[in-house]
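The data blocks that follow each hold one structure.
Here chain A shows up in two complexes: once beside chain B, once beside chain C.
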Partner chain A sequence: MDFMTALPTILKAMTMGAVPILLAALGEVFSERAGLVNIGLEGVMAIGAFVGFAVGKMTGNLWLGLVVAMLAGVLINMLYAFCTVTLCADQVVTGMAINILAPAIALFGYNLFVGSNSANATGDQMASIAIPGLSSIPFIGNAFFNQTLLAYLAFILVPLVRYFFKHFRAGLSFRSVGENPHAAETLGIDVVRVKYLACIVCGALAAAGGAFLTLCYTPIYTDGIVMGRGFIALATVIFGRWSALGVLGASLLFGFFDGLNVALQAQFQSAPVMFFKMIPYIFTIVALIFFGSKHAGPKANGQPYFREQR
Partner chain B sequence: MATNVTRRDAISLGLGGTVAACGLSLAGCGSSSDGSGTDSAEKSSYKVAMVISGPKNDGGWGQGHYESLTKAIESHPNWEMLEPKENTASADAASAAQSYVDQDVDLIIAAGNEFVSAWGDVVAEAADSNPNVHFLMTNTDPATDLADYETLEKVETVQVNLKQTGALAGVVAGLMTNAGQIGFIGGMRLPTTLTKYAAYLAAAQKVNPQVEGHYNFDAGFTDASFGTNITNQWIASNNVDVMWGDASAVDNGARQALEEAGVDTHFDIAQPIDSVGPDNPSVITSTVTDWMFGQAMDEVEAGSFGNGAVIEANMDNGGVYLGSYSDKVSQEVQDKIAKYTEQIKADTFLSDDDVDAIKSTL
Partner chain C sequence: MAKKALSPEERSERRMMILTPVVAVLLALIIGAIIIACLGKNPLEGYAAMIQGSLGDGAKLSKTLERACPLIFTGLCAAFAYKCGVFNLGGEGQFIMGGCATATCVLGLGLEGPAGLALGLLAGIVAGAIWGLLPGIMKITRGLNEMITTIMLNYVAMYFMEYIYKNVYSDNGLPKTIAIPQSARLPEVFGTHVGVILAIVLGIFIWYVIFRTSFGFKIRAVGMNPIASRVNGFPVRRLVLLAFILSGAIAGLGGAVELLGKTPYRLADGFGSGFGFDGVAIALIAQLNPIAAIFVAFFFGVLSTGGTMMQSVIGVPTAIVEIIRGLIIIFAVAGMAAVKLPKIKAYVAARQDAKAKKAEVNA
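Our next item is the complex of A and B:
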């Protein structure tokens, strides 16, 4: 394989593959910063992928599709919020329930939407916007500066999220709730409110990540389209040390290995491709081994918050 | 040690369970069957039903079967089609078939050989309890796939002439490629997939000896983005300009890449339904499969269906053919394709050795 010839395509696959993971992972950062480990990202992304596809197709307005998808993501994630924040149910079990329920709802909706009208099976797609000059830079230009507007927004979100957690009082409230909710409560922070807000943001961003798959990547919805990206997003949050910049780096790294996997499959076609397919996931496992320390991350992460507990 | 279960615990436990149960049951509810279960003793009317692993309008495998059945129903007015069971997982395949057996459906179709192993017991029990029920399994080789079956008395299979299908696609690819580089994506490394590709490449090289083939047989059937990425990679690194796919949703992704590369220079050959149209600007023609369900219905009516017989869908009986052309295919090329098509139909275009020679390298 001529690596330099394949590199621009690998980088393009990297950025395209990184965006849905990045969006979902940024949502998870909000959730985990507030002490909620939401492993239901996969399900929320599935809902976002379907609703974005269907509303975009019905209305012809892809941005409306995105907005409604985000609202649907918030709605489904409110189920998680109610169970884990109000009822203090186990976060992992609830997240798994979301992962079972949400794709099933999406598939149910798809069957109703497409029905016997196969014309609805193919949706519309956002056009790429090439930034003059920058998109012509060799190797990286097409990958980074010839993207859909949603992809640009996802990357712009990274410094905004970082700034929010570092410099906004609300960001500090999120962090304190994730570290020690009882101490935060004594300081006058409404812990339950913060946790619900985190779930709203998480649901919206994860659904936007799912919607990216059907609005920007390929114009179809299929059952299983998320393909484990929700779980990869969870891993990137840990690998990225619960920071927006770290999550960006981890998402791009995963996207790169995924692009490399495809390039190797394309060029070494007689080799056992399963070996290449393992590459991004081996990377994920290795990353978790080195960065998944129990002592890292918000201290109260994953623990139910009982206001009356002392 | 005693455990106190609070009201909050009970509510959350119940809610979590309900959520999971809803999730497990909802997926199959989109288009459940509403068959009445009635049957006439004189057999003046018949019922047919189908079980599909994906949606019936996926633009690929499921839709090909659904359209074949719809076409057969149109020519058999005494047959009623029950709503197909879509998105059926392997674990649900037996219960899906059993529900149709319980309704005494005359012909139950498995769209693909993925259900074959799960249906063994259903077929055996139905032979005693519901002797009017017949089973038809597509893409199934009875010698290998049905080896464990207790009885084949009420079972038949359909197989496509893969050499013809591949050769038709290969002729089009060989004539339409400008770079001499053609690609193929298969969902799984099945013997049938390898035969299709071998015939495709052999035919393309027959009409254009400079052609080189690029393939991936493990793309799966759902990840459209993989189809986009690998096609982009082939276009960038190998200048591939014609694709043929056998991987349902992944093929849609490949089309996406071809469209981005330019629909005037990069082409897709679709299958198994005619997909030429404005929604698929890169598609220049399609290799279409008719699963010959009408023939099976005729056999059920005549009482000659069963005993593990194989129905072959081929060019002679209209089971395999090329669909319509887009305006990218010139009349001159269409005329050449027509000439080669006659040779493929007469089995004088490719020998089995030509196909086997390529297959042995895969």
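Our next item is the complex of A and C:
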């Protein structure tokens, strides 16, 4: 295969594949900075994908679909927040419960919404907006500057999140909660409130990532549409060292391998394409093997916080 | 073995442990009923159809048992791993690889008869164990989070199975493998395949290993406190690796049994799909007790086979069953966490004290 001719295709697929992972991973950065490991991303994304699809289809307004999807994501993540913050339940176990419950709700809704009414099966897609001038740059122009508005927003979010954590008082209090909640509490930071806020942001962003899948990626919802992207986003956060810029780089890298898979499938149609489909998943593992240090990340990550405990 | 006397505190804790999942199931069923009622259907009729469709007669019961059988395996897989502090979400991948190895062994070598059956089961166990070993090695050498690696390996296994049933042993180009020859299938007893009995025996055996042997004690110790275990001289890393291998082997055996025992005796799209997560749910609801896991898996089987009947009788999508399942686990998780909260513990203790004092006064 001529790599240079395939490159624009790969890069286009890269940005498309990176956006949902990026959105979910940014949400997870908020969550983990506040000391909450949320492995329920996959489930929240499934809810976001379905609600975005259904509301977008019903109202004809895709942006409304996105907003309602984010609200639904927040709602389901509040369940996680209540269990882990208020009841101090095990975060991994709760996240797993969300992963089982949320796709079931989405599937049930899908069965009711589409069911025998196959007119509802295909939704609308957001249109791509080409930025004049920039979009005609060879190779990267079409990939980076001819996208849906949601994708642009996702990329714009990265410097904002970075700025928030570096320079805002609130961002610093988020980080202190993840590092040492007891010390944060003595400084007058309401740890429980910060954790709930983190869950709200995380739910909204992860659901937006899911909604991207149905509003910009494919026009249909299917059970299991998220295809492990929630877990890849978790890997992205580790790989990107819990920082917004790192997460951006990591998700573009994951997107690149997703794009490579798409390009290889198109190139070698007679080959067993399933091996190409394995690429993003195998790459995730390989990336973690080489760069997934266990000695990084917020110190109080994953531990329940008992206010009374000393 | 002498039964040790339990303090009142321990007894109440144990009662809570049994009570929480039961309450969770009831709450989930009630919410399920509310959802059904909101759709304008009769929930009682629905639940009656569910029981009728899963336990109504012998044939239905055996179908339910066969549906529960793979869930017992993946449930045991998750419970065993989690007892050692390993959160194995890869039950599905290990299950699928078990099925693939069995198919390769039986179809590829053209084996028939009991030899094919025995080698097929063995191949399943080995393949599952290897698929469990991989994330184990990654965890103990590089400290990788096994939740992510096992999930990624699930997708790799899924696509590998696609390769097997589309390219290697495809049935006339259709996306499914050739059926396992009649003579190499698991024999039937009481209308179900032997795998069901195997699963139940395995569950009891694992309960015995975990709670009644020194090996099981070490596994549990590592799960509760790896640092204390290491200080005690337990080979923590080796035990963790063993937990990965054994739990993978259990799931792999499940895949082999599913392929050799259940119609259509082939690999095809959807083989083993969702069984890994169901297994985790079962293990958590059963509070990691292997014998309880058998019952929870059976209950999940009832929900699954009964859900189809419920759909045809009252016209509610079968996904309602999955919602109920999801609610059970979230209630069970929340409930178990809630009873451990210091405030609630103190309240329960205070009530017990008051009760004891009352008894004293009365006496």
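Operating definition for what follows: the second predicted complex is superposed on the first by the 302 of 310 C-alpha atoms of A that agree within 3 Å, B and C clash if a C-alpha of one lies under 4 Å from a C-alpha of the other, contacts with A are read in each partner's own complex, and residues count from 1 in each chain.
Throughout what follows, a residue touches a chain if its C-beta (ideal position, glycine included) is under 8 Å from a C-beta of that chain, and two chains touch if they have at least 3 such contacts.
Note that this is a predicted model, so its numbers are computed, not measured.
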Remark   = So, after the overlay on chain A, do chain B and chain C clash or fit? They clash
Task = Quick one: classify A:Phe108 as touching chain B (first), chain C (second), both or neither.
result = both
Ask   = In the superposed arrangement, which partner chain does A:Met16 touch: chain B (first), chain C (second), both, or neither?
value = first
Request  = Would you sort A:Val262 into first (chain B), second (chain C), both or neither based on which partner it touches?
outcome  = first
Partner chain in contact with A:Leu234 - chain B first, chain C second, else both or neither = second
Query = Is A:Ala6 touching the first partner chain B, the second partner chain C, both, or neither of them?
reply = first
Task = Would you check which partner chain A:Leu87 touches, where first means chain B only, second means chain C only, and both and neither mean what they say?
result = both
Inquiry  = As a test of reading the superposition: which chain, chain B or chain C, is in touch with more residues of chain A?
reply    = B
Message = I'd like to know which partner A:Ile285 touches here: chain B for first, chain C for second, both or neither.
response = second
Message = In the overlaid three-chain picture, which partner chain does A:Ala183 touch, first (chain B) or second (chain C), both, or neither?
response = neither
Ask   = Is A:Ile100 touching the first partner chain B, the second partner chain C, both, or neither of them?
value = both
Task = Name the stretch of chain C, from among 168-176, 186-194 or 222-230, that runs into chain B once the two structures are superposed.
result = 168-176
Request  = Under the contact definition given at the top, report the residues of chain A touching chain B in one complex and chain C in the other.
outcome  = 79, 82-83, 87-90, 93-94, 96-98, 100-105, 107-108, 110-112, 115, 227, 274, 277
Ask   = chain B touches which residues of chain A in the complex?
value = 1-2, 5-6, 8-10, 12-13, 16-17, 79, 82-83, 87-90, 93-94, 96-98, 100-105, 107-108, 110-112, 114-119, 121-122, 125, 213, 217-220, 222-225, 227, 258-259, 262-263, 265-267, 269-270, 273-274, 277
Message = Taking the touch rule as given, give the residues of chain B at its contact with chain A in the complex, in rising order.
response = 8, 11-13, 15-16, 19-20, 22-27, 29-31, 54-59, 63, 86-87, 214-218, 222-230, 232-234, 236-238, 248-249, 252-253, 256, 279-280, 361-362
Task = Would you mind writing out the residues of chain A in touch with chain C in their complex?
result = 39, 79, 82-83, 87-90, 92-94, 96-105, 107-108, 110-112, 115, 227-228, 231-232, 234-235, 238, 272, 274-275, 277-278, 281-282, 284-285, 288-289, 292-294, 306, 308-309
Key: List of chain C residues in touch with chain A within their complex   = 39, 87, 89, 138, 142-145, 147-149, 151-156, 159-160, 162-163, 166-167, 277-278, 280-281, 284, 317-320, 322-323, 325-327, 329-330, 333-334, 336-338, 340-342
